[in-house]
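Order as written gives the chain letters A, B, C, D, E and F; numbering starts at 1 within each chain.
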Amino acid sequence: MRIEEMNWMDVEEYLQHDDRLMLVVGACEQHGYLSLLSDVKIPLALADAASKQTGVIVAPPMNFGSSPYFLTYPGTLSLKLSTLMDAMEDILRSAYGQGFKRFLVLNGHGGNSGLKIRLTELANQCSSLQVQWYAWWMAHSVEEVAIRHDLKPSHANWLEAFPFNIVADLPVGEKIPPHVPSDVIDAQRTREVYGDGSFGGRYRAPQETMAEIFDAALQDVLQLLKFQ
Amino acid sequence: MRIEEMNWMDVEEYLQHDDRLMLVVGACEQHGYLSLLSDVKIPLALADAASKQTGVIVAPPMNFGSSPYFLTYPGTLSLKLSTLMDAMEDILRSAYGQGFKRFLVLNGHGGNSGLKIRLTELANQCSSLQVQWYAWWMAHSVEEVAIRHDLKPSHANWLEAFPFNIVADLPVGEKIPPHVPSDVIDAQRTREVYGDGSFGGRYRAPQETMAEIFDAALQDVLQLLKFQ
Amino acid sequence: MRIEEMNWMDVEEYLQHDDRLMLVVGACEQHGYLSLLSDVKIPLALADAASKQTGVIVAPPMNFGSSPYFLTYPGTLSLKLSTLMDAMEDILRSAYGQGFKRFLVLNGHGGNSGLKIRLTELANQCSSLQVQWYAWWMAHSVEEVAIRHDLKPSHANWLEAFPFNIVADLPVGEKIPPHVPSDVIDAQRTREVYGDGSFGGRYRAPQETMAEIFDAALQDVLQLLKFQ
Amino acid sequence: MRIEEMNWMDVEEYLQHDDRLMLVVGACEQHGYLSLLSDVKIPLALADAASKQTGVIVAPPMNFGSSPYFLTYPGTLSLKLSTLMDAMEDILRSAYGQGFKRFLVLNGHGGNSGLKIRLTELANQCSSLQVQWYAWWMAHSVEEVAIRHDLKPSHANWLEAFPFNIVADLPVGEKIPPHVPSDVIDAQRTREVYGDGSFGGRYRAPQETMAEIFDAALQDVLQLLKFQ
Amino acid sequence: MRIEEMNWMDVEEYLQHDDRLMLVVGACEQHGYLSLLSDVKIPLALADAASKQTGVIVAPPMNFGSSPYFLTYPGTLSLKLSTLMDAMEDILRSAYGQGFKRFLVLNGHGGNSGLKIRLTELANQCSSLQVQWYAWWMAHSVEEVAIRHDLKPSHANWLEAFPFNIVADLPVGEKIPPHVPSDVIDAQRTREVYGDGSFGGRYRAPQETMAEIFDAALQDVLQLLKFQ
Amino acid sequence: MRIEEMNWMDVEEYLQHDDRLMLVVGACEQHGYLSLLSDVKIPLALADAASKQTGVIVAPPMNFGSSPYFLTYPGTLSLKLSTLMDAMEDILRSAYGQGFKRFLVLNGHGGNSGLKIRLTELANQCSSLQVQWYAWWMAHSVEEVAIRHDLKPSHANWLEAFPFNIVADLPVGEKIPPHVPSDVIDAQRTREVYGDGSFGGRYRAPQETMAEIFDAALQDVLQLLKFQ
């Protein structure tokens, strides 16, 4: 259940028997032909599905992440990493103060990884705080599905083309991954390099494959929610 | 249309003929018997309705605001005001850099008012930037509807009991507004003062009244979107 | 008594029998024909008068507030809101650490309202801390006097034309309030809109009216100093 | 003339023929038997005197400085150095944007020296900005007067016992300067070391000597206001 | 050549014909039996070697990185990630202002990866700025050497046991990698999990293997210094 | 012994019998004909020498300080003072959390003096924390040696021309100290004023004098390490 479907009395009751919370953080950034909010929608869908099975509640998503390299693609709305870290700290501390102790952060965007450092700093300060971090696209389980289907996972290619992210016709065929000159490139050059925004590979995969990917990630989430 | 239903090419095309963007900011905080996300859902509903009539696009909502006084109510997830200001600045600058010049900020939460100062600072720095700010519950148009129906608008009472915010049965009758000892009270005392979280008055109003309220606010939004 | 008329031994003695402190915060900003420091002088005069009757001491005023919209009017010296919040936090924490527990913040400037959020955050962190906030020009008591005399209170009009703020001849007659295009306007446009800086209405009121206004506010301050 | 005696039109007129501004920054901190605001009152008195002779205007004083070591002495209200730097930057940038180009910062407190670094950072960023810094108690001219009268200048001793700082009877005689264990001592230990707060030496000097001191510093200020 | 072996005239001369600079950033953190400064020493050794072949100069190393998880291991001196980002920004801006345009950041520590986001933000702001980022232990070239020798690279195992990092006898044999409960663990739990601090695998490798590793990384660095 | 020659077990063992740590902070800035890292090398050399006699360990140096005035001299890499304060706080807190209680900060650069304020703030917060601060070039002991040899100590003159700082031939003779127009000058003007970067006086002194200087400072350091 999402917090937005609850009032505070519901949450108070929940805290009588559980202290887990799912936090979703993603990005509002270019995803080629896919939804600009793909990086939020995927982890949120995972959170919803996991919530249905476990009853663990889901906080409203942080709809913005750190994507300075994509700022030349209209619709990309990026936070400084320091802002994002402050925001997630404020949110986590709010919930921690109310009795939440175990947090699963479902991250949908690579540029947010620095958040783990801040979360560790928090874990050092807040006794009994436990944090799990899940970046679905980096999971072994997801990689295995991709390998089995001979597909290369990458930003804004088939890997993220879940039905709920499709907002336009996707190109047929495959894009040759461009040469990337550096790990740190400014937004101007990034657009020159990536053109339509996909990092290359096939633009879509059969729905069954997507379902397999989703299910693989969901199993991970369910496992992580055990906090073992 | 919401940005999440678009890809970056759609936004680029939009910017060929328009430079307006609606930003929604609210709070995840106690609203008595109503949804913890009431302060986001209302301005977002207004934005959606205004978008349908004007085609102006809507950014993903900032789901968190500044509510330190409600932190004792479980489910309240509050940002420091400084964090919120930083986040909204980052978002606005991202869009401004892409060609958006006129922003309508639809605010759903009183604790966020300090944001106006930061927005003014930004307006001083960014040439051609125009910002409108709309706090629906403080609008004259909304007040008029309330007066006409002899209803007192207040936090978490009938005023916010739109259908989409109702997540539980609402009490019948009316709550006597509690005595508030100060303009600045800590979260512990706030809970003692407000009990169920409503600031008093009737808990609900007829759906027709709610529709009138919504429509009054919508007309304001439509007017503000003209940026005159 | 003001802290500047005391040495630390005097304050230590005071803390033996009292734990209240008045903090004055205002702005150094354009006030039309009136003193640039009007927003400090008014709450400071109130604090002095209340101190005389109660013995509660008065901290040196914070002479600067958040006024980004007036920066095109020479003499306006504005702090970022985040700077102002940090400064007031530092000051309050200093005094709290010495045994002050009850603070009355006398605010003279609308742009500082965001401070209340920071003060609430502090109240959440500091046990036994009590904060009262008084914005004299928004008080019901002051409004009543204005209504009784059929005067509209507004920025830099008669409302602030206390004798101690008059530094030049005031225009006779009345200014028609200009049309204000938005709640958030940059300093350039603000000056175009407001011209001489007054928000409209009569430029001055009889001294007896001003004395009534002052006394109404003073009674509020005296009441708030009871911290009930 | 102080800005508080002016309205914005006066300042605008001033800027037609001058671009100098005096900024006063001090501290609200223990000064033994002297006023807690000694560090503001001295440079402000110098600024007033220099203004009378030169017509250069004086901004409202920043009444707070960085004095963490004195926080155990009641009445000491200290800003973090980072807060103070931010505040002074905001103030200077406000004035600079209006046409002030030459600033004389009259500092009354040793703990504020880090400000010079921030002012240099600003000077690197703002073309044509000129900043002079004056710490009266460190001036050669003042030292000379002290030597001539065989007096040792120090914190809260005769050196600061100007008539306007005297708020209580001053002890007769001389205090032996205590042994100071370190350049960095916490507020608890500081109080143990310094007791009444004076750093030692005579508690007062004849009024003629004080007048000589004041005049020596004033001549420096007048010289610096030439910005040569 | 390191900047410390130069004076400013040397650097000015260098800028006549080159605009490249190597920045070394690492960590001061536990490395099992190895030097606490291993994460600095390795990229610095690479920088020195590359400098010898290319003449590109090397800035003094930033000796501290973000390692909150290791704070229970004495000698770990960790910066907040936000502090580290600020520091590296200040350093890069200093050099950029003097004419350096192409920077190779040699990073020795995984916890610093968030820096890439800040560097991208800078690249967006500074025209002609080019940044390369090299994390030697994640390089394909290094991985290949490890695979060829059937060694698993990991924190504080053989991979970092370069001669210059050896400060004690290294255990013979191999450590079984411990079960790691989460991607985000506090320092207390981290120490329970990792014991001696190594993440597992062999503690050392033959010197010839280490030389191969070093040379593989060096070739990468030389290639990156071409900024192609 | 330097921390870089130790592993964490060594430091843990050290903490069984000692709780002192030397922190070295300097600057990477122009020093005329001398090494750009002179301000680090001198206090580090002192720390090494004192460590040899006392066994007190030495943290890796912070190689960067606050030198905004020298940014026009290539090779000067300056931190904002606020960044430097944050970095040193993070480092000190890391060590304090591990059991270090007595810190000797060996500072090599005048622009870093604001650090003392932050260190005092820390001392107020961390019980049992003791901090000593040593700025060798301001020591009476050093001044005495200079006077005895009739030499004027100044930035980048003989005073810092220790053998380990000499990276080029030093001019013969003496430089006349330039007229300095202000305590706060921007980097452009600073270079015009200082030319080669030395503040004037002789460029070098006999090695025996330098040894005397070093020894005088070393005796101070040894004394301070007693924390009496």
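We take it that contacts are C-beta pairs under 8 Å (C-beta built on N, C-alpha and C of every residue); 3 or more make two chains touch, one makes a residue touch a chain.
What you see is a predicted model, and the numbers here were worked out from it, not measured in a lab.
> Looking at the contacts, which chains touch subunit C and subunit F alike?
Neighbours common to subunit C and subunit F are D.
> Need the graph distance between subunit A and subunit C over the touch network, please.
Counted as steps through touching chains, the separation is 2.
> Which one, B-C, D-F or E-F, has the same contacts as A-B for more than half of its contact pairs?
It is E-F that repeats the A-B interface.
> In angstrom, rounded to a whole number, how far apart do the mean CA points of subunit C and subunit E lie?
It comes to 53 Å between the two C-alpha centres.
> Let me have the rounded angstrom distance from the C-alpha centre of subunit A over to the C-alpha centre of subunit E, please.
Subunit A and subunit E have C-alpha centres separated by 28 Å.
> Counting only Cα atoms for the centres, state how far subunit B is from subunit E in Å.
46
> For subunit B, give me the residues that contact two or more of the other chains.
Residues 71, 80, 82.
> Which of line, ring, star, complete or other matches the graph of chains that touch?
If you draw each chain as a dot and join those that touch, you get a single closed ring.
> With subunit D as the start and subunit F right after it, run through the chains round the ring.
D, F, E, A, B, C
> Considering the complex alone, what residue numbers of subunit E touch subunit F?
Contacts found on subunit E: 3-12, 14-15, 28, 30-37, 40-41, 59-64, 71-80, 82-83, 86-87, 90-91, 94-95, 97-99, 167-168, 196-197.
> Which residues of subunit B touch subunit C in their complex?
66, 68-69, 71, 80-82, 85, 105, 111, 113-114, 116-121, 123-124, 129-134, 181-188, 228
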